[in-house]
Amino acid sequence: MAGMLVFVGVYQSWSVSLSILGMCLISAVMALGVNIQWGYAGLFNAGVMGFTAIGGVAAVLVSYPPVKEAWSAGGGGIGISLLIMLVMSAIIYFSLKLLPKGKLRGLLIFIVLLLGLYVARQFFYPAVSSIESVDSAVSGFLGGMGLPILFSWIVGGVLAAAVAWAIGKVALGLRSDYLAIATLGISEIVIAVIKNEDWLTRGVKNVTGLKRPVPLEAELQQEEWFISLVSRFNESKLAAISDADAKAEMLRSLVIEGSGIFVKLCYAGLFAVVLLIVLALSIRALNSPWGRMMRAIRDNDEAASAMGKDIKKRHLQVFILGSAVIGIAGAMLTTLDGQLTPTSYQPLRFTFLVWVMVIVGGSGNNLGAVFGGFLIWFMWIEAEPIAIVLMSFVTSGMAETSALKSHLIESAPHLRLFLMGLLLLFVLRFSPKGILPEKVRHS
Amino acid sequence: MSYLIGENLTGGYGGMDILNDLTISVDKGEIAVIVGPNGAGKSTAMKALLGMLDLREGQVLLDGKDITNLTPQARVGEGIAFVPQTHNVFTSMTVQENLEMGAFLRRDDIFETMEQIYELFPILKEKRKQAAGELSGGQRQQVAVGRAMMTRPSVLMLDEPTAGVSPIVMDELFDRIIEVKNTGVAVLMVEQNARQALDIADRGYVLVTGRNRFTDTGAALLADPEVRKSFLGG
Amino acid sequence: MEMLNALTLFSNFVLIPGLAYGSQLALGALGVTLVFGILRFANFAHGDLMAFGTMVTILMTWWLQSLGVSISPLPTALIALPIGIIVTALFAVATDKAVFSFYRLKKSPPVILTIASIGVMFMMNAIVRFIIGPNDQRFYDGEKFLMKAREFKQLTGLDEGLSIRYTQVLTVVVALVVVIALFWFLQRSRTGKAMRAFSDNEDLALLSGINPDRVVLITWIIAAALATIAGVLYGMDKSFKPFTYFQLLLPIFAAAIVGGIGHPVGAVVGGYVVAFSEVMVTYAYKKVFVYVLPEDWQPEGLSQLLSTDYKFAVSFIILVVVLLIKPTGLFKGKVIK
Amino acid sequence: MIRVEAVSKHFGGVKAVDNATLSIEKGSITGLIGPNGAGKTTMFNIIAGNIVPTMGKIYLGDEDITGLQPHELFDKGLLRTFQIAHEFPTLTVLENLMMVPGQQAGEKLMDAWFKPSLVREQEAEIRAKAADVVEFLGLTHVIQELAGNLSGGQKKLLELGRTMMVDAKVVLLDEVGAGVNRTLLNTIGDAIVRLNKERGYTFCMIEHDMDFITRMCDPVIVMAEGTVLAEGTAEEVKTNEAVIESYLGRGLKNKPEVAQS
Amino acid sequence: ASHSEAIKVGVILGFTGPIESLTPTMADSAELAFKEASESGALLDGKKIEAVRADTTCVDAAVASSAAERLVTSEKVVAMVGAACSGSSTAIATKVAAANGVAMISPSSTSPALTTVEDNGMFFRTAPSDARQGEVLAGIVIDRDIKEVAITYTNNDYGKGLAESFSTAYKAKGGKVAISAAHEDGKADYSAEVGALSASGAEELVVLGYLDQGGRGVIQASLDADAFSRFILADGMIGDSLIKNVDGSLNGTFGTLPGSESAGAKMFLDHAKANGIDGDGPYRAESYDAAALLVLAMQAGKSADRASIAKNIMSVANAPGEKILPGQIAKALKILAEGGEVDYDGASNVEFSEVGEAAGSYKEVEVAPKFNTMKVH
């Protein structure tokens, strides 16, 4: 894999190679999350997209500076309605705990719920519309907390975990494909909320210009220390040029190139740290009695339950863990993109592609998942240039004006998917259990 | 020359050989019973005869014809019926459909055979519209045997047909097996209810670690104190 | 009169579109559920198989049109359909030979086949765009309306119109016929039972003399036929566009699974559940109420249960709720591990 | 020890268990026999929490355990085996046993991550115990084999072995003997008696091998059509006309000379 | 570099994904401008331009920036036409264009947010921000004495932004919005949307979407159910393929799209047709213009250097200078080579604001039975 990235580095450019690397690392974290759920416990989570998006929202909520006008316009209303909801939940919680089961309790809860929702609405909707009308073309939402975006990686994980807890409570009783379609459905619901609750996430109007955890290239290019670093690196190259103008020109382009690479290296470093931590914890967990128990549950939950394992609790635990990891990856992704675009959350890209990573890499094998993340992302990106090269090779013999040629050139982008499919099938054919099949260290 | 013969069978599941130079045969109108400790390779031997195992050595003859290279379905077509030890019913299909599937290759009227099965296992008639997966363990076993009998085979192979069935059904089953044999069918079965089985067997095999350990008539094996002690539970 | 108006309004905007869309989904879901049930994997390439079948039919239709063949007022596509089915079936069988059979032989777990089907999906996706391009194609040349809204108004003297398209009727009828046929085939016919047996327990099917290759072959042929029919009917009613066919995949899967995997009737009911949950929940009932309710009861707002913003969320909520109540779908589908 | 009071379980129209009342005395080895489909396994499923009864109550000692989950019952010392072996196919034989003990530190993620030495210590103990059980079952040569690759009888042995990994109060054995070699079954019988005598385990076993039942069990409960048909010592039960009629039968017709036992 | 070596320019659009049916012709239109420049022989003393296409998928920011990264650092393009979708444009502008100092001109990204994107001066667009179109359209609707409408918009930044600016303006002018409901693109069925829209009681439907996506689906479903008989459209909906693909009459339907009744727009149609391209469709004119501007900027700076291109885009787009229309690239190149100045107007009447976006005049068009221009706003 490293070889492939180096190959790209040499034959295309190091920038391309590093930008692929960054996404590879994120993909690998996502794949690890899915692997924890599927490979360890056999939970078919087709809601990867939803958790990724939640991570993305966390990035906005943490890092975007608060929009003061919006807060003063509607912050109070939102706050009050949230408070009401909180009080309501507390009442319901305690009446569930303290009151005896019966019709009366049910009625009470129902009334509290209805009343609470009604009162909350009275504050909520006016607040929302006043928030959304604050400079709606460029803002129109509450913004975030203005903290460094790196915090959002943790917050994203926590948020995703919280949502996973709620989903798990209701849906984990479902099995295999039924769980899949339920989680898929729930993730669509999550996306719908993100798309429509403009006051919180700006909805489909996107949040752009998120803060970065690494310097801006353009600023870096002005930094003294960076320029001298670059010139030190390329001393011999620069020395070879005698003309002062040409030298400055050369240095300038080197600095531009270097800044891109430097920034990408910073990102890659940050992502790699996260990946390594998650990977280390995963591997240790899998090889411990915990992992053994999870495999037993995956093999036969009925028997595992008879052997004293609390299946529901364990499923929930794994579901939360995996989702949290996906949430972290989602926050990292939004950090890297620098923007939150809710419309970009499509199941094909964020659920199925991640699944492809896990299965091709080898489900149940952590390194396999990481490898799958790398490989599939690499293919996803590099299939395009390969397709173009291939197409121009095929059409090179044809007459400039031939209709077939222009049709083929026109269709070249679609060849990308074709190649992607072909490569996928190839890999699966030659390693039908995944490239690194599950290899358990048996006790 | 027996009707069905497995000669010098050697092979396994990829790792170590499970069967080691094993020979088993059964003739028409004869009941042969295989007994032995758990994991001795009894089921594996059955699979070998059916072509569900890659043999390294040995051959399988049916009526003098070498069938070593036939697929399992082809052997079924040749008249061999088999009841596996586990996973031996179509759980999502009804009892009646299970029986129909047994007669899949038959083109004649299967109604009569089905009635015979129902007569043998009355409970199945009662439950014929129920999914086999919802039956009790013993009832399933009856479905499994019934399915195999539906083919009206020339060789009937049963892997522990009486595991989990009640004494009364076991007796009926053995009765019926004797009847089947009397119609000229070759019956080969693996049994852990070994005493009862050897009692009706014309021929008995004791298998240990994939090898023939004792081979004799059923009665003789039953009478052998060593066999009784080590393999039949005293 | 008021009542009739209300009923017409409801039929025009909810009932008929819901039925037609539901049937379209149902036809797709039947194919999915068949492969799911018999070959035991979720075939993601089904949407693109539909696109492929439709494409072949369109190309045939164009060719026939260029020859001047027509059976107007029926659409020419109907003559082209059988050829579309044959070509698509060949294509599906070839795909199976090239891709899926290998994993069956290896006894790979279903998820591997599903992932392989994603690979196939990508490739088919590209093939269809290569041949016919990513654009909209219209190929319906028959009579369009069985009943036009305006004609209906004139005919009945009602204030509300009712429009019914031939394609809608055709789709509903075909869906019902196909589901009955398929149900009968799987439950009663020898081959159908053999297919179910194969899906239940492959080894035991082998031991009963069932030829697995034949089962697989027939499954693909039926699946391809269903895909082509579904795709063509949908394309005639709306239009053909490869990307939309890919997008159809999700609601189709939802329908198949909510109905209960492997269950034809479930697939159809699932199709209607998905369709009606989209159409009914977000419909604004204001006008209907205006007709049926006395003056001073009439609603102020639009009387939507939920705003259209959450249309898709709503259909998914209903889907999840159905599953929570019936964990293996409405018709007790299979659980494939 | 266990009391089942007026329990019924209906599957649609089928009354698998129909108003059955029985009890398993503390310290006994109770046999549960009856025709196929009598409702024995269903009864076990109800006691062990795998099925919620349509009606009736179950007590463990004086505690009402109706509707408790299997894992909760495990923690209360109630274990069961399955008639159709429920091994963990991708775990080795050893792991199948090692996963059983409850409260393992290594099953808590925090400990698994941050207290490796504690985990290692416990593992060593559990492994030693599991090895003993394997040895006892005669499975030592397949100890590292995946359980999915075991023979039918070996799986049943493993099923039994799992109950031997912890100190249980009550063990429900669903046809452990079916498919197990009779010589080995005798050894297993001895072990059961020993556990019963020395450690005070209470057993209830479903079995169709009347010799084995006779040797092991007192009392024997006979179920038929979902209810209790008879109860008593093995000898009493064996001579009960109704039991013979519905369950035991009268031997082979085709070969009347009964095997000399 | 030697003369024979071509100058590489990127054409980065969503070739696969939800707008895959729009982009091929957009790319063709852009490449038409490059072809003109190359064939003129006047570009930087006879240089040729080679267009390098890349796919953004429209929805995946990561893919978009990777593709752009490849164009910039590996293919070494000097500038880019693109991206199409606003999301992709934002990602590329901030992460690639700004970082590497490569100019990009988007022909179709219309999100208002792009006005303030952190682009380091590298992002331009020939499509106007949606903020203004809404106002123009609202004015037209009021002028036609339509006092109540239902709105449906495609659920993305474009649709929603436009819907908001339209309804704000419309309400301010005294109109009533009975319902404003989103539709998702690429869905199988739009009868639910149509049901809700029609039930709102409004007689007129404003459709703010894409003509080969959900927008057309809504129109078709409305006609089929006889819910609405004419429609009010914005740019994304206007193109002859709408009339071709909708079954039923659209007579009376009207709307706005960026552009002018300038000779330029017509010239572009003819010019495109002569080159085998159907120029009548969304963002084709804008694509041509984007490409043309890049070429002219090269010539103006007398260098295919990235920085020089970026620096000169504004000057060729705006006055002073001789007006340049489609098909006149050769002429413009010559003027520039001779040290003159040009003011490129092109097919869409290009005029850039300080931040480099088309201010945009809008055509009011009406179907009878093809789109005819009524007026320019």
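Miscellaneous remarks
Letters A, B, C, D and E mark the chains in the order given here, with residues in each chain numbered from 1 onward.
Methods note: a contact is a pair of C-beta atoms (placed from the backbone, for glycine too) under 8 Å apart; a residue touches a chain by one contact, two chains touch by 3 or more.
What you see is a predicted model; the values in this text were computed from it and never measured.
On a Cα centroid basis, the chain most remote from chain B in this structure is E.
Centre-to-centre spacing of chain A and chain C amounts to 32 Å, using the average Cα coordinate of each chain. Inter-chain centre distance (chain D to chain E, centres taken as mean C-alpha positions): 74 Å.
Under the contact definition stated at the top, not a single residue of chain B touches 2 or more other chains. Residue positions 129, 133-134, 309, 312 of chain C are each in touch with at least two other chains. Looking at chain E, one finds that residues 16, 20, 24, 182 touch two or more other chains. By the definition given earlier, chain contacts exist for A-C, A-D, A-E, B-C, B-D, C-E. Residues 36, 42, 44, 99, 102-103, 106, 108, 111-112, 115-116, 118-127, 129-130, 133-134, 250, 253-254, 257-258, 261, 309-310, 312-313, 316-317, 319-320, 323-324, 327-329, 333, 335-337 of chain C are the ones that touch chain A when the two sit in their complex. If you check the complex, the residues on chain B that touch chain D are 13, 36-40, 42-44, 85-86, 123, 130, 134-139, 141-142, 159-160, 163-172, 174-175, 178-179, 192-196, 199-200, 222, 229-234. Residues of chain E touching chain C in their complex: 16-18, 20-21, 24, 179, 181-184, 186-189, 191-196, 198-201, 212, 216-217, 220-221, 224-227, 241, 245, 247. Interface residues of chain A, counted against chain E in their complex, comprise 11-16, 19-20, 23, 136-138, 195-196, 203-206, 208-209, 216-218, 256-257, 259-260, 263, 333, 336-339, 341, 343-344, 346, 349, 380-381, 384-385, 388, 410, 412-414, 416-417.
Interface residues of chain E, counted against chain A in their complex, comprise 15-16, 20, 24, 53-55, 57, 59-63, 65-67, 69-70, 72-74, 86-87, 90-91, 94-95, 98-101, 111-113, 115-118, 120, 131, 155-157, 159-161, 164-165, 168, 182.
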